[in-house]
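In what follows, subunit A forms one complex with subunit B and a second complex with subunit C.
Take a look at the complex of A and B:
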């Protein structure tokens, strides 16, 4: 493998989880570099990162998930990486599955490859509402871009140079990088593909979507990004090369 | 315009003026953002002292009750202030994002360099 691949792992309060993905990548994706973005965690994530002796970026203030991912992407651009793999810090994603993404982006020439939980039947259990939301998003993307994306909210993605360049510009990586971002990239003529991936349920720590307030916030965010899709669909004329 | 309304306007104006001056003295507010409110208070004072102005404006706009003209002006003014604040907040959050990300990256690069330096001095 001659390409330089960087794993970007956003971490917020992942003191007890972060060693798992890092060790997994070190064991199963040996040629890649890892950068963990500590998004001003309240627990001792920073100490855990130092102990692991892994490359990290440390935010002085909390920017949220998308801000952390964008920091990693900017770092990749500055250091001239060929591919960025977005990887979750909670142990949901598997480095062995990331190989599939890498192989896919090499063979298909896509700009973005998403690791999908729903392309084939996997054992991943999803709460009813999230599955409903994902279906709705997939449906909307299909209508607007004519492209079938089964899992637009997946956090496991590989980005090529062109996408890294695009995402690292200010304002190009939105606060809610869900279905709206994928729809936008498709409309702008970027090639997006999917690969079926196995993902694990998280075992330790608190999910991004746990509690009472957070799921409500998540639903509101989803409605918000839904609106953005609609607006994009109305105003951006579809380039011919998308279909 | 009713004399009661004029008195209420005057009282509110004076109270708010004191509030803004104290905020400015404690440096809790920037003069830049405070000025617009002080001008607004000035406007309210003018209307409280010369209610004929409001009557004239009302007949010009075809509004029967001068109080509604006052409301209209207030709503228009507040909308402008809100839009201005939204723009300021957007700009600030954008800057905060950039700043945080660049600090994180710069910190890593300087750490790397100092590590390299210390390693080199150890080798010597």
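Take a look at the complex of A and C:
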């Protein structure tokens, strides 16, 4: 592999989970570098990272999931990486599956490749409401962009240089970088593809969408973002339009 | 009487607003640029008796029975505008803070890597070399 690939792992209170993805990548994606972004965790995630002897970036205050991922993307841009693989710190993603993303981006010429849990039938169990939300977002993306994306909320993604450049700019990576971001990128001419991936269930720690209020807030914000992108799409949609 | 009593509350509020904001600008608690819009609002209130005839006419034209209520409505719109401006300014500041925090994290990693490299290189060197490295490290810190 001639390309420089960087795994970006956002971590918030992942003291007991973080060793799993790091060791998994070390064992199954040997040529890639790893950067873990500790988003001002309240537990001893930082200590766990030092013990693992893995590259890390440390936020002095909590910026949330998107802020942490964007920090990693900025690091990738600054260090001239060819590809960034977004990888969750809770052990849900598998490094062996990340190879599929890399192969896909190399062969398809896509700017973004998403690891999809729903492109083919896998053992991944999604709660009813989450599945409903995912289907709703997929439906809205289809209406806005005419492109079928089966898993727009998947955190497992590979980004090429052009996308790294774009996402690293201030204000270009939203608070909830899910369906809204995928729709926006598609509208502005970025090529987005999916590849079927196996993912695991979270075993320790708390999901960022845990509870009742957070998921509701998340769905409302995402639908609102999609509505804005829909309006943008009406006015600025042109074939191969890149901003 | 030039200053009709029914407009006196506006005049008093206007004068207080003006005095408070000028004091804050002098004490550097508030920016001169931001205070302009408040000063304009204060002057609108202070000078309200001078244009009350026009306010009366305008109030009747738009169907407001009590003319001072029209001034309140206009000030309400102004306050909305100010809140919008504040929200926009907060968003801009937020973006800048995020950028600073992210760059700080990246630079902190670079500094850590550099320190590690320096420490590795100093191992097994003579006293003079170590002193040179210490000066180099100090220059990095500075």
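Please note the rule applied: the second predicted complex is superposed on the first by the 237 of 243 C-alpha atoms of A that agree within 3 Å, B and C clash if a C-alpha of one lies under 4 Å from a C-alpha of the other, contacts with A are read in each partner's own complex, and residues count from 1 in each chain.
Assume a residue touches a chain if its C-beta (ideal position, glycine included) is under 8 Å from a C-beta of that chain, and two chains touch if they have at least 3 such contacts.
This one's a predicted model, so the numbers in the text were calculated from it and none came from an experiment.
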item: Simultaneous placement of subunit C and subunit B on subunit A, clash or fit; value: clash
item: Touching partner for A:144 - first (subunit B), second (subunit C), both, neither; value: neither
item: Which superposed partner A:11 touches (first subunit B, second subunit C, both, neither); value: neither
item: Touching partner for A:156 - first (subunit B), second (subunit C), both, neither; value: neither
item: Subunit B versus subunit C as contact partner of A:67, first or second or both or neither; value: both
item: Touching both subunit B and subunit C, residues of subunit A; value: 37, 55-61, 63, 67, 70-71, 74-75, 78, 170-171
item: Subunit B - residues contacting subunit A, complex; value: 94, 96-98, 100-101, 103-105, 107-108
item: Touching residues (chain side subunit A, partner subunit C) in the complex; value: 37, 55-61, 63, 67, 70-71, 74-75, 78, 170-171
item: Residues of subunit C that touch subunit A when the two form their complex; value: 95-96, 98-99, 101-106, 108-109
item: Residues of subunit A touching subunit B in the complex; value: 37, 55-61, 63, 67, 70-71, 74-75, 78, 170-171
